[in-house]
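Quick heads-up: structures coming right below.
Both complexes shown next keep subunit A, but they swap its partner, so subunit B is in the first and subunit C is in the second.
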Partner chain A sequence: MDWESWVVSTLNRALAYGTPLLWGTLGEIYAERAGVVNLGVEGMMILGAFSAFAVAQSVGDPWLGLLAAAVVGAGAALIHALFTVTLRANQYVSGLALTIFGLGFSGLLGARWVGIPLANPLPKLTVPGLSQLPVLGPALFQNQSYLTYIGLFLAVVLWLVLYKTRWGIVIRSVGESPATADALGVNVFLVRYLCLAFGGAMAGVAGGFLSVEYRPAWTEGMTAGTGWIVIALTIFAAWNPLRAVWGVLLFSGLYHLAYRLQAWFPPEFLKLMPYAFAILVLAIAGLRGARQLAPGALGIPYTRGEK
Partner chain B sequence: MRRLGPLAFERRLTPSRPAVLGVSLLAILAALGTMSIIFAAYGVPPLRAYAVIIKGTLGTRFGLMEVLRRTIPLLLCGVGLVLAFRSKFWNIGAEGQLLAGAVAAAGVALFTDLPPPLLLPAMFGAGFLAGAIWGMVPALLKVRLGVNDVISTLMLNYVMIYIVEWLIHGPWKGPTMRGFAYTDTFPRAAWLPLIPRSMVHWPTLAVGVGAAILVALLLSRTRLGYELRVSGESPDAAHYAGISFLKVSLVVMFLSGGLAGLAGVGEVAGIHHKLLPPIQISLGYGYTAIIVAWLARGSPLAAVVTALLFGFIFAAGDEMKVTLQMPFQVVGVFSGLILFFLIGVELLMYWRVRFLPKGEGWTGKAGS
Partner chain C sequence: MQDIVKTFPGVRANDHVTFEVRAGEVHALLGENGAGKTTLMNTLYGLYQPDSGAIYLGGKRVRIRSPRDAIAHGIGMVHQHFKLVYPHTVAENVALGLSGAPFIGPARVVERRLRELAARYNLPVDPKAKVWQLSAGEQQRVEILKALYRGADILILDEPTSVLTPQETQELFKVLERMKEEGHAVIFISHKLDEVMEVADRVTVMRRGKVVGTKAISEVDKPTLARMMVGREVVFRLSKGVCQPGEEALIVEDLHASSDRGLPALRGVSFHVCRGEILGIAGVAGNGQRELVEVLTGLRRPRRGRVVILGRELTGQSPRKIADCGVAHIPEERIRMGIVAGMSVEDNLILKKHHRQPFSRGPLLNLREIRRFAKQSIEEYEIMTPSPKTPAKLLSGGNIQKLILARELSGQPGLVIAAHPTYGLDVGATELIRKLLLRQREAGVGVLLVSEDLEEIMALSDRIAVMFRGEIMGIVPAAEASLEELGLMMAGERRAKEAA
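Take a look at the complex of A and B:
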């Protein structure tokens, strides 16, 4: 294989592999910016993957499937919100419960759907004009997913909202210092609920992408740890939507470069790469001191009227 | 104090023992109630489901033995996680540490020429060490580089799963196993004794109960236990008291990982007698042990009871699969629900209800 097709296919595949990571990471960034860690991403994604597949298969429209995934993801996140925001339960444990429940529940409901290929997966997109460019055309504009472009667009919009609008200030202040935000008349609980629900919808679509486009079928546990990689990338991106794009590209690029080594390494080593990379990526973030950038009240339940 | 009619609600700082017990039972009942709805939606009448479960697990000797068999790995992992959670180290990696122990035990059983009486002790020793090392990596990463412990321990589970897959497909694949991805069967001397007509490898069970007692003593009676509790409950105080966070984290994860490693030894030496695909070695014991430990609320001895409870739930899952043709994932659904309700009702423990009919004030108005 010559170097050109090598670069092209790596970039092309990296974009596809990175799409669910990007959607999930953008959602988790908003949840954590509002001060709530949601370790249930894996659970919300698998519920999203199952509902997207089930709806797309029964109704016949993959877009409706994705919509269902978003609704289910948001609903699952609201359970987490109820426990962590209203009942002030431990955020880690509630998120873990959501993941354990999601994996079990989707497996239970999905048992009769396993192994059936999706009749009409999401169509691919080839951008007219741009796809004719040398190298860049086939790498970035041929056979891509609509969700890849929407995801990149959302990253820019979400960055603008977070840093350039009043809403963004409100969200960040709720995550940084909820008591101050409360004193200024911000409804801390409402903001946290909304950000969590948004994060859940994004995670749901990320899961839906897997089952209606990436591998259009339903397999139990098909998210295979993607949700956890999302949480690692959220930290790596220092809770910044634009940095999330670079983080995701770096991560999935590395992953596909590793696949080029398959002549020399056993396949099991390539499969464990993403998980090893996730640790590596966090170690790098740790060396750069990313933790100081975390929202000040991350992980701490807010109680009104307490110091 | 808040009032609701003749009832007064008072906050308390530390929940009483009956309150903890009552609230935990309430959570389990709520989870059972929700489970009934899921059974009904699945087309299985809830009462029939519960009847099948009780009859298939507690109703026969075989069923009881199955409960015990599932309890063993849950107990060992659970006790280790209690220890980790007490020091606020989020070890979500018991699954990988268990597999590391299984790998080490298989390595000793298959590739050493130890005299038979030494073989099993060496397997337990190697399994403990392998789990401990696999557990100490995230501890180092957390203390030195600030790597989030939830993610690193969890990611290492996947890494270990693929290491096991590689071993059984590659270098350790047993020549006598033809097409299967198994190692060869261990020599007889590497098999753990069982309670007759069951799969209960009682030595591992004894080790598990012993570990629970030792960890309870460690926590309550030793300086190390004290340091560990302080760094969990108040990191600042620990810092001023000169307690080394690095030391505490490393020791905690050495023990926590090691105990999970022992669970892995028990599974391969007691039941399978070979190394086989990870999904067959462990049915997610390392993950369920998180709930075992959380339900035990920091007490290693209580983990004996909660491990039994989840051993029962696993056995119930088997029974439902066989008798009601329900997927084994019901276990995951039920586990998730219990964990949700457990943390959801936690606030209740901190309120004391008293009957105070003659009080002044009116419904729901908050005083102090």
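Take a look at the complex of A and C:
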């Protein structure tokens, strides 16, 4: 194989593989910016993947499937919100529980759908005009997903909202210093619920992408650790939606390269990569003091001090 | 505010409190720590809901369910511990939750009006600066501006001077005058009599959750207020013998250390404390005092420099090693670091010595000896506790502090490191603890006293060092120190001659 087609196909596939990572990471960034860690990403994604597939297969419209995935993801996140925001349970434990629940529950419900290919997956998109460009055309604009472009567009919008709008100030403040926001009449609980729900919807769509487009079928545990990469990428991106784009491209590019080099690596290496990456990012973050960049109240339930 | 009652588990913080403030006046709310001032104002600001009682504004009864309601009614509050988002800019802090701000680019619009307001009230601050870069005084200005921006007619300031240098305090008083002229009502919370006499038009005194009385400032003097506040005559003087400094108990040379955020917190600190003297460390909070104490007690590693305690080089040693060499530590956060809250009084009393004779025999504890020691300490230090087995967390702040002193001073230390030893304590406990520190000094112990309370520093110390941004601005013999000079050093002006 020649050099050019390697670059082209790596980029092309990196964009595809990176799409669910980007959606998930953007959602988790908003949840964590509001001060709540949700380790349930993997669970919300798999629930999203299953519901997207089930609805798309039954109704016949993959877009409706994605909508269902968003609703289910948001619903799952609201359970997490109930436990961590209202009942002030430990966020890590609650998130882990959500992941375990999601994996188990989707497996249970999905048993009879396993192995059936989706009748009508999401259509691919080839951008007219741009796709004719040399190298860049096939790399970035041929056979891509709508969700890839929507995701990139969302990254920009979410960045603008976070840093340039009134809502952004509210969200960042709630994650940084909820007592301050509260004293200025901001409803800390509402903001946290909404951000978590948004993050859940994004994770749901991310999962849906896997089952209605990436590999249009349902397999138990098909998210295969993607949710954990999302958690790591959130930190890697320093909770910034634009940086998330670069983080995602970097990781998915590397991942795809490893995939192409399977002849030289044992296949276990590929399966191990998401987890190894997550641990690596956490370790580096710990060393470099990501604490400074992290939202100040991340992981801490809020009370008004009145018992 | 009429007949406000607010009860917390175990305490009635406000007991039928009636309080009134008029437009165009500065009304002081005076009371000791724990009197219930903050609770009352948190109720007015909607952070707490009263158990009973009513609030009237301009003659009309209102219900204030949340800060949002309070803001809508024109009430603003500057909390004692600032409610600021430190990584954000000044303008972003002001724009937070502001309903009138435009959706897109709110900070920019806020910046413009902020400059106007700042000029009108003489509260200069850069809207684009990040809050964490500002000094405490500037941060306070941001808080005041936040309230004014929201159109506050009533401004509550909770112990606003506790973070200010004397000069900054004077500036704040000018701002308050200005606000009075503009027709605002200002509620000024304090436990310092001088300030109240200086700035207030009327004063309401609280004691143990109740209002003792409301008076015009012209009708009262300091001793009257003190009596109302404490409930008995107060003697302001401590008798102190002449200082006879002995050999050095502590030598610190060119100490450097980083803060939790990894920024330089100590930048070349050098001083010494002799046996038989008290060295006071003054300064506005957050100028490296905490890090200094942590390095000296082994809780933080220095990056450079030398610490010699009682003739032994102990730089970077463990807290246990340092304590074993005869260092007593009275920590800043007494509940978090001074005691194990859930353990009994008697267990807390032997925390540092449980592993040594006579409290342990081999692997076993000598319970009889522990009991005896606890009884003796409780008597000697006047610790009010139902029994030696009571969990330490159930004691009041003053008694917790006495417990800590009993433990720390019992092993005949050579050096005492006391951080804010009387912070938040009532007058009785404060007196006792100051006496105990002086007694240590008389017994030839070196005492390092870190405090933000300038009066305390001036009253107890033999020499005073002022810290600013991790450096010592100068060391003055207490007898020669003036408030003005200390204030200037606290604001970062270096002392001309590096004497003493």
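Assume the second predicted complex is superposed on the first by the 293 of 307 C-alpha atoms of A that agree within 3 Å, B and C clash if a C-alpha of one lies under 4 Å from a C-alpha of the other, contacts with A are read in each partner's own complex, and residues count from 1 in each chain.
The rule is short, and it goes like this: a contact is a pair of C-beta atoms (placed from the backbone, for glycine too) under 8 Å apart; a residue touches a chain by one contact, two chains touch by 3 or more.
Being a predicted model, the structure only gives us computed values, none of them experimental.
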{"item": "Touching partner for A:G225 - first (subunit B), second (subunit C), both, neither", "value": "first"}
{"item": "First (subunit B), second (subunit C), both or neither touched by A:A89", "value": "first"}
{"item": "First (subunit B), second (subunit C), both or neither touched by A:W167", "value": "second"}
{"item": "Which superposed partner A:G185 touches (first subunit B, second subunit C, both, neither)", "value": "second"}
{"item": "Which of subunit B and subunit C A:L250 touches, first, second, both or neither", "value": "neither"}
{"item": "A:V71 touches, of subunit B and subunit C: first, second, both or neither?", "value": "neither"}
{"item": "When both partners are placed on the shared chain, which of subunit B and subunit C touches more of subunit A", "value": "B"}
{"item": "Overlap of subunit C and subunit B interfaces on subunit A (superposed complexes)", "value": "none"}
{"item": "In the complex, subunit B residues that touch subunit A", "value": "38, 42, 90, 92, 141, 145-148, 150-152, 154-156, 158-159, 161-163, 165-166, 169-170, 287, 290-291, 294, 326-327, 329-337, 339-340, 343-344, 346-347"}
{"item": "Contacting residues of subunit A [partner subunit B, same complex]", "value": "39, 43, 79, 82-83, 87-90, 92-94, 96-108, 111, 220, 225, 228, 231-232, 235, 266, 268-269, 271-272, 275-276, 278-279, 282-283, 286-287, 290-291"}
{"item": "Subunit A partner contacts - residues on subunit C that touch it in the complex", "value": "8-9, 45, 47-49, 66-71, 77, 79, 83-88, 92-93, 95-98, 101-107, 146, 261-262"}
{"item": "Complex contact set, residues of subunit A against subunit C", "value": "164-167, 169-170, 172-173, 176-177, 179-186, 289, 292, 296, 304-307"}
